[in-house]
Amino acid sequence: MQLWLIPILPLAGFLINGLFGRRFSKGLVNTFAIGSVVLAFLWVLKTLFGLGGMNAVYTEHYFTWIQSGALTVGFDFSVDRLTAVMLLVVTGVGSLIHIYAIGYMAHEGGYYRFFAFLNLFMFFMLTLVLAANYLVLFVGWEGVGLCSYLLIGFYFDKKFATDAGNKAFIVNRIGDFGFSLAMFLIFRQFGSLDFAHVFAQAPAAPVGLLTLIGVLLMFGACGKSAQIPLYVWLPDAMAGPTPVSALIHAATMVTAGVYMTARSWVIYTHAPIAMDVIAYIGIATALVAATIGLAQNDIKKVFAYSTVSQLGYMFVGVGCGAFSAGIYHLMTHAFFKALLFLGAGAVIHSLSGEQDMRKMGGLRDKIPWTFGVMACASLAIAGFPLTSGAMSKEAILLAANHHAPWIYWVGVFTAGMTAFYVFRALFMTFFGKYRGEAHPHESPPVMIVPLVILALLSLGGGFIKVPDFLRSVFPAVEAPESGALTAVAIAAGLLGIALAYLMYVYKPGLPDAVANGAKGLYTLVYNKYFVDEIYDAAVVTPLVEGSRVVLWKGVDAGLIDGAVNGIGARAKGIGQVLRLAQSGNTRSYATWVAFGSVLLIFLMAVLGGLR
Amino acid sequence: MDSFIVISLIKIFVVFGALMTILAYLQWVERKLIAHIQVRPGPYRVGPHGLLQPVADVIKLITKEDLVPPYVNKTLYLAAPFLAITLALLSIAVIPFGPKIQVAGYQTWMQLTDLNFGVLFILGVSSMGVYGIVLAGWSSNNKYALLGGLRSSAQMISYELPLSLAIAAPLLVSNTLSLRKLVDTQDGWLWNWNLFHGFQYVSFIVFVIAAFAETNRVPFDLPEAENELVAGFHTEYSSMKFASFFMAEYANMITVSCMAVLLFLGGWVAPWPAAYGSGYVPVAIFGVAGVITIWRGLNPRRSRDRFTFPPFGVVFLIAAAVFLVPLLQSALLPLFWFCAKTGAILFLFIWIRGTLPRFRYDQLMGFAWKVLFPVAMLNLLATGLVIAMSS
Amino acid sequence: MDLILFLVFAGLAVVAAINVVVQRHPISSAVSLIAVMGSLAVLYLLLGAEFIAAAQVIVYAGAIMVLFVFVIMLLNAGGETKAGRSFVASLLGVPVLFALLAMLAYSTARIYPRDPEVHFGGFRGGTAEAVGRALFTTYLLPFEITSILILIAIVGAIVLARKELE
Amino acid sequence: MMGHVPLSWFLMLSAVLFSLGVAGFIFRRNIITMFMSIELILNAVNLTFITFAYQRQQVAGHLFAFFVMVVAAAEAAVGLAIILTVFKNRGTLNIDDLDSMKN
C-alpha cells in the first residue's frame, strides 16, 4: 500500500524548502509545504479506504535497519485502527494548521524555515505513528522532539525563546531516558522490539518486570506529554509561533505519550500497578494544571496549562483501562485545542502580537468570526452537552468512576475549573471594554477557513464514535452508562461557565476581591506552585554546585590534572635528558633511522630470524 | 625469428618514411587550408600550388645556423627537443593501420608491434610527452620560455585526466586494451563503432577537446601564445631543434587522431561491410576526382591549369585503378579507410585552428577542471553502470 | 635476451639513481629519477607486471614527477650550496650506508642460496584484467580507502597551497 | 638456461636503489631532492614487491606496488604543497636552515 509515501511526502517538502526555500517565493514555499501535507492526508485517506476494515494489523517491511547480535530491527511500518485514527488526526489537523500558518506567518521572517521545520515535524510524527516497533517509534519520538526544539526556538534572536527551547529539549531528554531504559528491558525480556512480537509474549512475562517497563514507558510519556513531574516545559514552549503551539504542543506531538501508552496496552493490562501510576499521574496533572490555569493572564499560557490538564485527562482514561476513551479524547482535544490555539493566534495576530488578556477585551464585535469559533471551542472544552469535548470527557469520567470513584470526583472538579478558566479567557478577551492600544482587525480568509472547519469538528466531532471504532483493538471496558454521573459532569461544566460569567462579565471587580481574599493561595497558583523554582533549587543548583565543587575542583583539577601534570612533569624530566639527542637537524635524524634499520636487518639476518 | 626482424625493420622504414613525409605535408595542408578559410591562396610559389614548399622548408631549417645560447643549461637544452620528438614518434609504434596482410608469402600485421596493453602504452608515452616542453622551457633560462613550460605542464597534467577518462569509456565498451581487438569489436556496420554506441559520443567529444589541449593546438595553444610569450617554450630554439618541436607537435596530432579513429571510429574498418560494396568507394572517389581534374585541365580557367591539372588527374585515375587490383585490395582498402578517417580528424584540427580564438589561461584551467573533468567522470560512471546493468 | 635487457636497464637505473644523488641541481635529479622509473618500468615488464609498468610510467613518471618538475620550476631556487652542518650525518652516513647495503645483500643471498630464474613470460598474472579483478574483489576495501586518502591529500594540498603569509 | 636472470639480481638491484635513496636522503640538503630520494626508496621497494609477485606467481604483489604508488601520489601532492609553503615563509629549501625545532 506504499505506507512509506505518507511520511516521505512531508520529508520531501522539508528537503525542498529547507535546501532551496531561501530562493523561493512565498507562493512556491506554500505549494511545497502545504501541498506535501495535504497530499499526505489524501494518501492516508486512500490507504485507509484501500485497507478496508483493518481488523488485522497491516505491516510493511522496508529494510533491515540494525542487525547486531540477537538484535534485529527492521524499518517497518504498520497500520491498524489505532494508527488510522492517529494518522487522520495528524494529517487532517496538520493540514488545517499548515493552511492557517500561511496567513499567520505571512509577515514573519524565516518563512521558508518555518514551513520546512513544520514539514519535518510532520515527517517524524507520521513515522512515530506508523512505526511497527519501539525503535522506529523512538526515531519519530526523538525527531518530533527535535522539531519541537527548533520551532520553540524559532525566534532565535529572543533569549526567552531559545531558553524555552532548551528547557523543552532537556526535560524531554529526562523522559527519553526512561523510554530508553524501557526499551532495553523490553529487548532483554522479549528479544525483540517489534510490537507484534512483544505484545504476543507479554502475557507470559513476569508482572514485576512488566510493571517496571510500564512505569518507565510512562516516564517517557510524562516527558513528551507534559505530565507531572515533567510538565514544566510545555507552558514555556508557547514562546514558539502560535501554529506551532497548536500543532505540536496541543494537537499532535504532546499526545504521542498517550498514543504510546495506549499502543502498549498489552503491557499495561498485565501490570495493574503501572496502570494505577498512569491514572494517578494523569489525574494529579489534570488538577494541578487546571488550578494554575485559573490565574494565568497570558492567553497562550492559559491554553498551555489547559493542554497539560487535558493530557492528564487522557492519561486518566488510559490509566483506567479505557484506552479507547483516551484516544477519543485525544482526537476531540486535537480539534478544540488546536482551534483554541489558532483562535488565540488569530486574536494575537489581530492585535499585532499582544498576548496579555488584561490588555484585550471587547473584541466580540471587532473580530466576530474569531469570536464565533473560539466560543465553539470553549463550549467543547467546557463539556457543554453534545459537543465533542463533552462526549469524550464523559467517556473518560465514566471509566474513571468504574475504576475508582474518587478519580471521577476529582475529574469532575477539574472539569468545572476547566470550564471556568477557559470561559474566563473568552470573557476577558471578547467581552467588556477594549483595554489595549492596537487596532484589531479580522484575520484573512486563509486563517478563518481552517478555524471554521475546526469549529465544526469541535462541535460535532464527538459523533465520530472512536471507542466503537477501536473496539477491535482494545479490550472492552464495561463501564455502565449512568445518566446521573453524566449530569453531574455537565453541571460542573455549566457551573464553571456561570462562575466565569459572574466574575468577568457581570461583576468585573470580583476577581481582584477573590485574589485579595485568598492571597496566599492566589500567589501560589499564580506562580505555578513555584515548581520551576523548586526544580531549580532541588535539581539544577545541586547539580551545578556538585559539578563545580566535586567534579571540577575535586576530581578534575585535583585528581586528573594532578595525574596528568605529574606525568607531564616526568615526561619533561626525561625529555630534558633526551633532548640532547635532538639536534634539530633532519639529516642526522635520517642517519639515525638508517642506523636503526641496519641494526634491525642485522638482528634478523645474522642472529637467525631468517629461514 | 630472422624473418621477424627483417620484416620489422622493413616496416619501421616504411612507416618512418611515410610518417616523415606526412608530417612535412601536413604542414603544407594546414597552411593551404587556413589560407582558404581566410580567402587567400596560401603557399603558391614553390612548385605547383606550393607543393614543394615543405621541401624548401626542410632545406631552410637544416641549413640554418644551429644556435645554442650561452646562458642555457646545455645538457637539458639539447635533450629537450630530442625527448619531444622521440616520445612523439614512439607511440606510432603500437598503432595498427590495418589488418593482417600477406606480402610475398610472409604474413604480417600492418602495425609495428602489438601490445595487449597498447592503449596503456600510448597513455604512458603521451604522459611523458610533457617533459620535452617543460625541460625546454626550463633549460632555456628565459622567462617567456619558463612561463610557456609552466603553463604547458599545468595544462597537460590537467587535460590528461579527462583524456584518460574519455579513453576508458570506449575501452569498457570494447572490453580490451589491445588496439587490434578494439578494432575487431567495431567491425561490421557503422553503428558498431564505439562513437555510436549508446552515448559514447560524449566520450568522443571530451576526447577530442582534451586531445586539442594535449597537443597544444588552438584554442589551447597557451604554451606558445605568441602575442604573450614570444614563442613560448621554444623561444630559444632554432634550426633543426626547432623543427623537432614542430614535428613533435604534428606527430602528436597524428597520434591522437589515430587514437580517436581506433577508439571511436572503427579503425580501418569500412563503414559498411564489403559485401555491400564498400570496397568500391575509393575507386569511385579517385575515379571521379581524376575525371574532374582532367576535365578542368582541358577547360582551364587559368592558363597554367592546362599543365598542372592533367598530371594529377592521371595520378588519381592510376590510384583508382590500383584499388581495383584484387591482390592489393586487401592491404590498400583498410589503409584507405584508416587514412580517410584520420584525415577527417586532422582536418577538424586545422579547421578549428582557422576558426576559434585562444582561451585565456584561467578559462583554460577552469574548463578542464570544472567542465571537462566532471563530464568525463560522469560519462565513465554512466558507461560503467550501463555495462554492469546490461551484462 | 632477458639477460641483456636486465643488464641494460638495471645498469641504466643504477647510473641514473647515482645521478639523482650526486647532481647539484634538483631538476637534474628529477630527470635522472624519471630515467630510473622508466628503466624500472621495463624491468617490471620483464617480471610480467605489465599493468604496473604502465601505471609506473603514467602515474609515477607522468604525473608525480611532472609535479616535482613543476614545483622545482615554480620555485626556481637554484642549485644546492655546500654547507654541511650535520655532524652525525657526515660522521655516520657513509659507514651506515655501506652497512645497509651489505646487510641487504647478505639477507638476499641468505634467502636465495639457489636462485629461481626469471624469464620473460614466466608470470602472466599481471595483466590489467588480473590486477583489476584482484583490486575490485579481494582488495576492494583498501582500494576504497585509498580513494579517501587521495581526497584528503587533495584537500590538504589545496589548504596548504592557499595559506597566505601572515 | 642461457639468457635468464637470477631472481636475486632483481633484489640486489632493489637493495642498491634503496641504499642510494637513503644516501640521497642523508647527504642532500635540498628538501625537494630529499623528497625525490624518498620516491627512489619507494621505487626500490616496489621492485621487490613485483619480484616477489613473480616468484610466488601471485598478483597480490602488484597490488601492493599499486597502493604504494597511490600513497606516493598523495604524499607528493601534500609534500610539495608543504615545500611550497615552507619556501614562501622561509625563502629557502635548505634542510639545514629549517631547524626551528632546535632550542
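Letters are used for the chains, namely A, B, C and D, taken in the order the chains are written, and counting of residues starts over at 1 for each.
By our rule, contacts are C-beta pairs under 8 Å (C-beta built on N, C-alpha and C of every residue); 3 or more make two chains touch, one makes a residue touch a chain.
These numbers come from a predicted model, not from an experiment.
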Two chains sharing the most C-beta contacts: C-D
Chain located farthest away, centre of chain B as origin (C-alpha): A
Chain centre separation in whole Å, for chain C relative to chain A (CA means): 64
Cα-centroid distance, chain A relative to chain B, in whole angstrom: 73
Centre-to-centre distance between chain C and chain B (centres being mean Cα positions), rounded to whole Å: 32
Multi-chain contact residues (two or more partners), chain D: 22, 26-27, 29, 96
Overlap residues in chain A, where contacts from two or more other chains coincide: 583, 585, 587, 590-591, 594
All touching chain pairs, where touch follows the definition stated at the start: A-C, A-D, B-C, C-D
In the complex, chain D residues that touch chain A: 22, 25-27, 29, 34, 95-96, 98-103
Complex contact set, residues of chain C against chain D: 1-4, 6, 10, 13-14, 17-18, 20-21, 26, 29-30, 33, 36-37, 40, 43-44, 46-49, 51-52, 55-56, 59-60, 63-65, 67-68, 71-72, 74-75, 77, 80-81, 83-86, 89, 93, 96-97, 100-101, 104-105, 108-109, 111-112, 115-119, 122-123, 125-126, 130-131, 134-135, 138-139, 142, 146, 149-150, 152-154, 156-158, 160-161, 163, 165
Chain D to chain C touching residues, read off their complex: 1-13, 15-24, 26-30, 32-33, 35-37, 39-40, 43, 46-47, 50-51, 53-55, 57-60, 62-63, 65-67, 69-78, 80-85, 87-89, 92-94, 96
Partner chain C, residues of chain A touching it in the complex: 583, 585, 587-588, 590-592, 594-595, 597-598, 601-602, 604-606, 610-611
Chain C residues touching chain A - in the complex, by the definition given at the top: 85-89, 92-93, 96-97, 99-100, 103-104, 106-107, 110-111
